[in-house]
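Letters A, B, C, D, E and F name the chains as they come in the text, with residue numbers starting at 1 for each one.
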């Protein structure tokens, strides 16, 4: 039942590129705290920050054959999103596949599994978010699927969805909501800029957000420390 | 029963600043191998090294309301120490709270939970030691306590205790023992400096510490490898 | 029954130094996907890359006495490989032991346990691959063994075996196979260099490796995405 | 954006009850190795085996309010499937909620979180599959969703899907495929019954499945152990 | 600095025995959701349920010497509570120590480490709550402390505190609050008995607790599932 | 390089059957605290206790083909010991393979991976020690090795070695040392029987083993608890 879906619809490029200007935490908040991959996925390099459209890959444990198949489906602006069908710490992706990806304009890899050649990946500036670093080799024996909906690190990802990734992890935005979420990110950032200035000036969040009354209603008591 | 204790007594500033000159491993050893937080807590940035006085916060899982309350209790030289009442990988603390903390002179955060906006936290040079990086948002619904004794990463911390943190993790020193532990750190460092020179000159620890006799008593045998 | 084996045979120096030119993933592949330590072992510093001959140490949990004993058995070009007899997150190794190791020409440490003083270890450029960073002190009470076969992170290591370590983790090569594995690494690298160029030129691995036919035989189907 | 979807369509009762006659492993295999929850979810009691229709609940971490809301949506033959929006080890479900569930004919609970009162749950014979046992209390402060698609232990579950659970874990079957998967389970079981008899009679799987030729093609060699 | 504190004050026997009639979850709730050990501690046997007074033991990793010392400090009605100073999976306690404990009237063991001989422990009906089962032997080389405050599985325990343990885990009650918490447990149980009857009669918690209004205020919406 | 070694030498049957009379902890202690598998391996059933001779299997992750190959190499009194070459939570072994094993007199399975059909395995009384329970299916695509030395759960196991397994876990004894270790087990058990009687009579281990003097030498102090 292995299948490769070709000609997927992708989120609007302008919205994707706009979302690249916001952090994962902001994107997550801006869409009502949805779309976040579990924190088991972390960046192999500090400071990388990308947004792209998902080409999804469902792979058998310790078998990276379908990643090779998926590369052909990628085009400029995509991010590969890979999930094994059961947990495995193998090293599915390394410098050669990254070279092939870069040649097609792929912006990065998100994988709920291992990657390897990380020194080379850092030198190439090909950003990867993975479950672990592992040199363990994989085989090319069993089929999987490309561009079907997958669950990656606890998050449902459809092909063509937006993927935003930075030092905080990875968030996805449904293909059809990219423009709306971008708008909300901008609004949120504006609100936060104002708050940031007030904090810098020494104001407390208790006052900026008017929390004191509700804290008192809930029963918070302030007491002085007694004598030693 | 939620409470904020105000006007806590803090460890002596001179002793705290003195302890900032020693690593976590030294502080841990100098007080008889006590006071270390479990290694699940690690630094989000390399090279940060701080000492400060603890403002403690007990928070419900995935609720950061009491951190906002705690900021008001902080003053120059403090370190926020936060422990959820049950394990949670939410992102309790980010760039806005760090801005508020820096405005009050807080030297860093230690949290047995997640933090987010880590790229920004690094840019701001606000040091954080956390259980994980996680963009997951938190709510502001349930009260907790500020400046009560808490258990953070397996370690009992009282408000006003000294917190020392570096790339090795986090150690605490009871408020009343700061000067004594500082003195012992200095003695230990002197002894180690002498040992270091002897090692550099090629001496073996077996001789520097006179271990050979006790090893023999315990029954250690030296044998030559046999022929191939 | 504690024993120190002296005068161990070591892998050929030229082969060891040759293997230092290849990454852990390459060495692992070149010997038929064997010899890899489990990914729980990771580098405390980015970019370190060493090869050396193993001096093996079996230590009781939270007791580093035998590491002191092992230093005497080390000589230029060795790598210390340490495994506790049961899991422990103690900090077995720090800056002082690293100073002693550097004085004897030891190229690095691999330990299925904790290390500490990592800021100093990075400053000294003494590379360490460990299970965790932990400041927890250890005792010197119970004997273990030096230069006996040990299991470290799931991998059997004999004294004198080659140890290769980089950002991907740690691989070992049996002492007697170093030259053969080095030869295979070179062949592999040559093949990969050719593939890399073809990828850069835009060729797909599906064509470079001729995978399309076998994928079709296995039943892979390509379908177009339907209308929205 | 919190929502409760009422009047969900459920899988056909006869198919659900038929699937209760097959183990989780069989159901997983019969639908092409899909639908399995990750093994972090395990049974709190030995020997329980149920099939039912999913009422899905998305809960905030450490907040069980929406489970109370979901009970009203349950009817005879349902199984509650609960997933927190971020990982939490709180105890979301205990004896009182189980009493309410039993009164409505709910056949069991699957939760990617903790449950408590497990001695009572066992006495009541209310079967639970959970991530952990935890007495930690939860709050009722924040909304979530009932009967929306959720990801539970890495598996996408739609309301009305079939849930099969036994000592091996939990599998789901899409609502519309229940009858088809049931048919395949029956076929598989028949094939396995025949194989089982041949194994009992001493035949080897190598012969029953005719594996010897393909093993030889792949290069498997048989060698005799040499002299001691 | 190793010390054994003798003649500790213990919680009132009648209150302790009264608390044995309530589950861990009830005790935890009755004291404001405090006192629970982390769920990494679990029962090695199903159905055990004890309450006793804590004799606390701080042990070095993989060293059980101080447990032998602690047995002498135990008397009828005590529970041993053991915490290593750093994480270790060794098997600190087995059938012989359990025999010694039973001879002194000890009601059970709580240990944030491993136990062994579990088949024998079950036969003897000596209840144990531990972090893991592990046959790994321990040494008797390094001192620790008996009857000092310890942190066990994230919870501060003082000697003489009440320990309640059942299939849900372990809770502690401060020595001076035993009678008060017992009273609250009884009140809670009465309230729950009434609720239980209403649930059995088919009432919903939404009505029993009057939750509907607050849910509506928070914005919960009920929608009908659309056509297929 | 995949190989099946036939005609392996096995430990002496009488010694193996003798060792079945001793627990894993005793066997581990009797051979100098060696031979224990890591506690990640646990029994899927309570009360099973077997000893047998190891038929070892090295399998690729999520591929159980070589287990089928290994069954042919088994004979009465063997225990299958299986280790994946990299970590995987797949379900390698179920009721059908157990049926084939029982037909050949195999006494049990030890696997550093998952098993499934555990309800059936318990009914059949085929004992299994595994890393997890997992229904995830495996493939039959890639070769491995049978009856070569393997590392299973951190322990080196040679074909023909003795495997002892009970509720505490799994221990191995080198083939040539079975009789010696059996003798030591008997001696240990006799010594422990005497100690057990003294404990039952109320004697303390401090006196039975004469520990008081050495504790005093190390500096242990006894103090009375002060007034409240």
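Following the convention adopted for this analysis, a contact is a pair of C-beta atoms (placed from the backbone, for glycine too) under 8 Å apart; a residue touches a chain by one contact, two chains touch by 3 or more.
No experiment lies behind these values; they were computed from the predicted model shown.
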Provide the labels of all chains in contact with chain B and in contact with chain F.
A, C, D, E
Interchain contact steps from chain C to chain D (minimum; 1 if touching)
2
Pick same or different for copies chain C and chain F, depending on whether their interface residues overlap by over half.
same
Whole-Å distance, chain B centre to chain C centre, using C-alpha means?
30
What is the distance in Å between the mean C-alpha positions of chain C and chain E?
42
Residues touching two or more other chains, restricted to chain F: which are they?
33, 36, 38, 85-87, 89, 134, 136, 142
Make each chain a node and each touching pair an edge, then name the shape: line, ring, star, complete, other.
other
According to the definition of touch, which chains form touching pairs?
A-B, A-C, A-D, A-F, B-C, B-D, B-E, C-E, C-F, D-E, D-F, E-F
Which residues of chain F touch chain E once you look at their complex with the stated criterion?
23-25, 28-29, 33, 36, 38-39, 42, 46-47, 49, 166-169, 171, 192, 195-196, 199-202, 204-206, 209, 211, 215, 218-225, 228
Considering the complex alone, what residue numbers of chain C touch chain F?
1, 32-33, 36, 38, 85-87, 149, 151, 154-156
Show which residues of chain D lie in contact with chain B when the two form their complex.
60-62, 85-90, 134, 136, 139, 141-142
So, in the complex, the side of chain D touching chain E is made of residues 2-9, 65, 68-69, 71-72, 89, 91, 94-97, 99-100, 103-104, 114, 116-120, 122, 132-137, 140, 142-143, 147, 159
